[in-house]
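What follows is a set of structures to go through.
Each of the next two complexes has subunit A plus one more chain, namely subunit B in the first and subunit C in the second.
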Partner chain A sequence: MADIVIPEGLWDAGVTPEGVVSNWFYADGATVSKGDVVAEIMVEKSTFDIEAPTDGVLRRTIAKDGVIRPGSVIGAVDAG
Partner chain B sequence: MPAEALAGTPLDIEVKRFRSAADALQGQDYFRASPFPPGRPALLIWQSPRALLAAPGDARLPRFEAAAQASAAAGWPVALRRAGGRICPVSPGTLQLAISRPVSSGVTIGTAYEEMAVLVETLLARFGVRGGRGPCPEAFCPGRYDIAVAGRKIAGLAQIWRRHGDEMTAITGASVIIDESPLELADAVNRFYRDMPDMPPCRAEAIGTLSVMAGRQVQAEEALEVLCSLVASSVPRRRASSDQFGRAG
Partner chain C sequence: MSSNRILPVSRAISEAIAQEMRADPSVFVMGEDIGTYGGIFGATAGLLDEFGETRVRDTPISETGFIGAGVGAAMSGMRPIVELMFVDFFGVCMDSIYNLAAKNTYFSGGNCKVPMVIMTATGGGYSDAGQHSQTLHGTFAHLPGLKVVAPSNAYDAKGLMTTAIRDDSPVIFMFHKGLQGLAWMASPDAAATVVPEDAYEIPFGQAKVVREGKDVTIITLSMMVHRALAAAEALAKEGIDAEVVDLRTIVPLDRETILISVAKTGRLIVVDEDYKSFGVTGEIIATVAEHDPSCLKAPPRRLAVPDVPIPYSRVMERFVLPNADTIADAARATLR
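Up next, the complex of A and B:
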């Protein structure tokens, strides 16, 4: 199982503590490929594509509109 | 990598007038028809006919479709962008800038915003106008990197990180108001949010233009030439242009 992690240091959490998962582009349980853009997060007016780290089945752990911080795990890909 | 170092890295320049803001956003956010390969730092400067650029949050509002139809009927079609906080009006009186840099070069959110903010502030300074940064809550799409003059928002910034080919790329956009009616911009924004009472009104008095702040009419073409001169390096880089901005390249 490969975690989908919001990169540490992606933004200055001292200035903006939190972001949100603004969209999931695949359903929970969907088959995804490495590099597929599976989600989008927003921090203030900035948007980031979040990619699947490996091939497998997507498991979403933070729902749309869920709050995230640098280092948050928003889901995982089960390589099976 | 410090913003100053990034800012000194030459940018290839593309200038383009699009037939619609929707087409422009395909070029800006998805690199459609980009003349530059992935990984090449570039500045896209564009214009379009009047339009409202809706942010992702706008698209999730309950009355978004009805608001978009009403705006289009009033001459302000709505195009959906991938970044930003709220509606941003664009027109032939505004200039849209987008700097794209590969993240592998050491870009961070902060350095990318800093680079664009410095570019816009330097542009303003060439016309004798001094801008300051900070949210303009009574203007459209307020954000931490708003650039204002005498309390009037003259530019706003937003950012997207997405893949261009094999390169994760940071795209930092700015909308700069060159020569436009603040009242018409505010009216367009307020018309969109008319049936959404939770949205604060946009005040024309909170919107500024380079022409007014510079004390003389500034045409978009003049601002464009100044922008291009600011980013040109000692070694000329490729510049692609089309339509009324210049010779095809």
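Up next, the complex of A and C:
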């Protein structure tokens, strides 16, 4: 099980502490490959792609529109 | 190749463009804020990084100039995709669109092709006032020489964009802002769909029955497909079985699918987020009337924007746009 973590340093969290998950690109339980863009987050009006950390089954824990910060775990990939 | 990706419409469009650009060096993109910004509605996101400034060209605010340049490029062997940021801005560049792009194939006796896509954002519902909220489906569909496409979901958007780029005629590709799946503008969940990674075409002129039913036909397109499906769900709880047809392309218009559906149900509602008079809704009803008016068991009804500019006021805008409640009411009325 590899967590999907919002990386530190994508944006200036001192200015804007929080963002949201703006899109999930795979259903919960979908099979994904390492490097697939699985989610998109939005901070102010900028978006960032979030990739799968490994091959496996996607488990989504933060829903679309859920709040995130740098370091937040939004889901995991279960390598099985 | 995983085929379980669920893409929003904006990413489906940009993927179609990227794949055609990889396959064909004559394809390029031009428009306002389509480079670094990726298009204000995300339809060209990521293209500048992959293809560079020669093939992904930011333009000044000069639609007359750059759409005219697109026509010239198309007639010189290129396959330009030119973004008109909002369809509402067509006023300044219409000569390039309807006297040049649409007519030059005819004026040259078929010797010149104009393989150009004019991609443009349509639609309201988010309080952006009358010069940023129109669809103008009928305005463009009325003019001979243009093909007009207006998808309701990501799967169709990718396939129709691929077909548009490969087509030798000018195509107006109308995407609805509220379907793009942008982080900052709400979108119906069903607009984002599973999108195959490989390139594929969806032929023009093939409407899709997106919900089968036997009691009443609802013909619609673009955003209103989602409103019609919501209406059909509500009607189903009352025992009314509505069929919903997504036109997908206005020109060419799939009259056969319309006629088959109306022959089955005998009742017709047409829903369009465009002005009511002289438009798509009237054309569809005329199609049925010219073919066989006796197939109608009740007068057909149309839901569209009453003939006023779309209001900025949220309350007034909601009043003029068709929605699931007004569509369901119209369906009930035809069954009474």
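Here is the rule we use: the second predicted complex is superposed on the first by the 80 of 80 C-alpha atoms of A that agree within 3 Å, B and C clash if a C-alpha of one lies under 4 Å from a C-alpha of the other, contacts with A are read in each partner's own complex, and residues count from 1 in each chain.
Keep in mind that, in the parts below, contacts are C-beta pairs under 8 Å (C-beta built on N, C-alpha and C of every residue); 3 or more make two chains touch, one makes a residue touch a chain.
Everything quoted here is computed from the prediction, not taken from an experiment.
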Quick one: is A:Ala27 in contact with subunit B, with subunit C, with both, or with neither? Answer first, second, both or neither. second
Return first, second, both or neither, reflecting whether A:Asp36 touches subunit B, subunit C, both chains, or no partner chain. second
Please indicate which partner A:Glu51 is in contact with in the superposed arrangement: first for subunit B, second for subunit C, both, or neither. first
First (subunit B), second (subunit C), both or neither: which does A:Gly9 touch? first
Which subunit A residues come up in both lists, the one for subunit B and the one for subunit C? 22-23, 40, 42, 45, 47
Please output the residues of subunit B touching subunit A within their complex, sorted ascending. 55-57, 82-85, 108-110, 141, 143-145, 157-163, 168
Can you name the residues of subunit A that touch subunit B in the complex? 9-12, 22-23, 35, 37, 40, 42-49, 51
For the subunit C and subunit A complex, residues of the former touching the latter: 2, 4-8, 181, 183-184, 192
Residue numbers on subunit A that touch subunit C, as the complex places them: 20, 22-27, 30-33, 36, 40, 42, 45, 47
